[in-house]
Amino acid sequence: MIIEHVDEPLPGSSLRPTPPGRVYTDPSIFGAEQAEIFEKMWNCALRADDLHSAGHWKTVTIGREEVIVTRTRKAGIKAYFNVCAHRGMRVCTTGEGKSRTLQCGYHAWTYALEGDLVAAPNLTSMPDVDRSRYGLQLVHVREWLGYVWICVAEEPPSFDDTVLGEVRTRFGQVESIDNYGIESLRRGETKTYDVAANWKLIIENFMECYHCATIHPELTEVIPEFADGLASQRKNGEVHGSNFGEDIGGFTVDGSASGFEELPSLVPGQDRKYYAITVKPHVFINTVPDHVIIHRMVPVSESRTVVVCDWLFLPEVVERADAGQLDLTTSVELFHRVNEQDFNACELTQPSMSSQAYAAGGALVPSEHHIEEFHTWWYESLGMERASSPAGAAQSEPAAAAGS
Amino acid sequence: MIIEHVDEPLPGSSLRPTPPGRVYTDPSIFGAEQAEIFEKMWNCALRADDLHSAGHWKTVTIGREEVIVTRTRKAGIKAYFNVCAHRGMRVCTTGEGKSRTLQCGYHAWTYALEGDLVAAPNLTSMPDVDRSRYGLQLVHVREWLGYVWICVAEEPPSFDDTVLGEVRTRFGQVESIDNYGIESLRRGETKTYDVAANWKLIIENFMECYHCATIHPELTEVIPEFADGLASQRKNGEVHGSNFGEDIGGFTVDGSASGFEELPSLVPGQDRKYYAITVKPHVFINTVPDHVIIHRMVPVSESRTVVVCDWLFLPEVVERADAGQLDLTTSVELFHRVNEQDFNACELTQPSMSSQAYAAGGALVPSEHHIEEFHTWWYESLGMERASSPAGAAQSEPAAAAGS
Amino acid sequence: MIIEHVDEPLPGSSLRPTPPGRVYTDPSIFGAEQAEIFEKMWNCALRADDLHSAGHWKTVTIGREEVIVTRTRKAGIKAYFNVCAHRGMRVCTTGEGKSRTLQCGYHAWTYALEGDLVAAPNLTSMPDVDRSRYGLQLVHVREWLGYVWICVAEEPPSFDDTVLGEVRTRFGQVESIDNYGIESLRRGETKTYDVAANWKLIIENFMECYHCATIHPELTEVIPEFADGLASQRKNGEVHGSNFGEDIGGFTVDGSASGFEELPSLVPGQDRKYYAITVKPHVFINTVPDHVIIHRMVPVSESRTVVVCDWLFLPEVVERADAGQLDLTTSVELFHRVNEQDFNACELTQPSMSSQAYAAGGALVPSEHHIEEFHTWWYESLGMERASSPAGAAQSEPAAAAGS
């Protein structure tokens, strides 16, 4: 007998159910998300210091676009669609390189690092060609936290309102994150995860700790309050983090001390605490006293998401680790295990999304309130209204936005 | 020059052509079949004695759903959608197991074998949660012939009218099949075939013996009347089976005696005969005097079907075979070859279904009348009318039902 | 900032931009192309002398159809849909064979090489069956240049207007190609390329030499005027080919002499020249004084095309090569490298076709005028109008024709 999950909270909770399961499985909804979310908003693309010097370029995926990011000689970091203005071939055909110009390998149309068309065979017979109009098509870039952020929309949203706004909502003020000095940290490790789940399941997972007691034994050992399923979710109108356990030496897989120093500018309230921030649509920032962990998600299809996770440390810590003088493994291993545990849960959730038993969505317990806020944002991003009164009120049909 | 196959019988036959080829290739028609046939009707899921004792569970695929089937302590066999009521994760994440409760591995929501929610973290803060409503969602089960039959629809059709009705149509009375005592037989062998063909081609193949002379040399050696292409299809208002050849010792690949006893309760008319029954939508039952062969089809896509075939024997025969005292191979090998021959033909038919040369369907000779009856049932199941007058009458468009 | 490519020529060019990128990526447009172009027009299928003697048959793919081509005893070469008239199984289940009749392996319906149904089990009980109507369904064939050309449409277009018309457009008269005696040449080599690009990108690549200087070093060594990007594209109202370089010995990978004779009936103007003809929708003919290279494209999906390339020589040249008395490698290797260079460029262009930066298409320089003519033909073939005034005029939407 199929029990219909109407749009009504779990008794004892005021949270409406999740959206219908098919928003996690329908390719046309995924297409709408790419167009309306990932190709309209700011995306975190790569670490700025990966572009060591002028002429160094890398290619990255933003939504359904491939973008060239390069360090120019005079104009800082610039980014372009990786599409030749002539007949469209990929201008850069490998993931990374260094060159004085960007030249298409098909008909030798050649672009300055700053984007303008500077040469092409027989161009002299077309003297009036506008070198800027037939240059590479620019996309918007910003640098923040040492990362290059990219927006492929013609008119990007306010970086301050969107990206910085998320930090302000979490910390009360953007300045609190500045104490970590993230822009001057260095990567000690990067791991890439290919997850067979919709990107929203990964965000929802990150937004609640109700699952911590069940699937994260190492993490709840280090941060015992996570075992209650509440800690990081609480916000008393002021800055709040999750406390390390009393006997815990550091944010490591076995709770031992990391063996290296705290970040130098932390204030007392940031000591022995873990903070987590979601920067929609696709970034998670995790801070602990001696390092920072940053996740970026790249949605590939309605049922597949690539997650890239960076572990950032003080430059001298990375140098000593490279020299074999200290070991980052116990620090890296903790969140690597958390990642694997989380992504496994997401992969075991994805197949149920197409079941008639999830056709009306699932229930949310009180500590999952961040997820409901995420759903509200998601409906708005796709231009759909969600009924303001939960009980019995029908959600507007997600298919309405899936026309694109 | 393309010859249009109009909806007109082959001269000498009164049977209308098959449906247009695209009903075997269109993914939206396949979706409609899953929704209107496999997810509305009774499906044969697994052998009941595979669930040895209380707490033992298995997962099976019914239509597009994954279902948990478990033997409870007090309530017999029960089945549920494999979807947690909270956030939807698969509750059982392997094919088989044994446990006192069914616990979701994401947030530890825990269900009794009988389905009710019995525990969850922080559940005490939500005291009014209805343990049944937030339990696992039940699906309907029936036991018959020693198999668990499952219907995932909210309102299942009458088991008597549908499943038993097919047997009654074939045997005149359901009781005739009881003589085989199928519910107390044991599996001596199970083979699984992954067939690159639409499920309807496999049913149609099973429904006629016009192909037997061409592709089944071993079978026509054992049952010579099959070489006429007619035998098992005839029904003279009374029970009728197909006779073994005069020199044939048993239903074995070389016609030798099987070396074990007949089923004990057969009546004389069931002696030295083969009977075949199709139980729509997806079961074939084949009986011979000393064993029974049962096929279940699991449609995977419009061009792929998994077929599971059980060979059932008296328990003491299986025990003696397990002890090395007798050999089931010659018995099993006969229908295994028939299966491989049939499925090969189906796989070589599937690609033609998308040809313009089959756009109006193919012809049926008189001995293929069961196929026409199947097509009539198929049109009705999808809510389409088929013109009652064959010659020149247009069939109603199958796409009409493919909206789901 | 996205620069909108309006429908306006590059300054100095009078050519309109290419169609929007999605005509190279949309599966429904690809389906329309299969229906309206490849399944309506004449396709070059195979070399006639591959069917050595009566009863020899091969299967080929034309559009989305599989076709049997066979040499009959009395009626020359015939071709049929590879679909049994009874229940549709593939009649020929391998790529090639030789037999007295064509017999379906499912129910033994048996067809004469000339197509009529000649035998079937129990056919005598259906005496009025029309042996022609229930025969194999004929498709149209023509022989020209030693190839079998096939049209699977019921009413083929005029071979003279379409296939021969392309040659007439290029050479001024069909007779010029006759001097090469292509119908009596023999294949010395065939190579098959599986290209991850839309078929139109491959045609467009073949239609211009603006890329030659960039990607074809060996070819521009042999034919220096190709380095200007113009040569083969020019047509001064009379027959025109591209000249070999002064020091070049032959059309070989290193410009050395091939070591074998010119084709015997060439006229002086065809000496030391390369000619190229596109026969839409899918054939390229390349002639040089001592051999001929012919490409056939088989479109598989919107982003995949198989290209088969034949190198044809005088029969005595192939015989001497088979006997080890001369080496065809330096001749074959030149265009094999050209093929690999071209198809690599097409594969690096395909992914950009889905970018918003190519949503309005790309630019065409003056020497790419053949491509604009191809686009005009393409719009017409799909029944779409293209605005006659280029600047600012909106193209009619390609999706309009994609309904099939």
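A, B and C are the chain letters, set down in written order, and residue numbers restart from 1 in every chain.
Following the convention adopted for this analysis, a contact is a pair of C-beta atoms (placed from the backbone, for glycine too) under 8 Å apart; a residue touches a chain by one contact, two chains touch by 3 or more.
Not measured: the values here are computed from a predicted model.
Relative orientation of chain A and chain C, expressed as the C-alpha superposition rotation angle, is 120° to the nearest 5. In summary, the pair chain A and chain B forms a contact in which the copies contribute largely different residue numbers, shared numbers making up under half of all those used. Mean C-alpha positions place chain A and chain B at a centre distance of 47 Å. Shown for chain C are the residues in touch with two or more other chains, of which there are none.
Interface residues of chain B facing chain A in the complex, by the touch rule stated above, are 39, 64-66, 81-90, 93, 105-108, 120-122, 125-130, 133-134, 137-140, 152, 154.
Against chain C, in their complex, chain B makes its touches with residues 1-3, 10-13, 18, 21, 204, 210-211, 213-215, 229, 345, 348-349, 351-358, 362-367.
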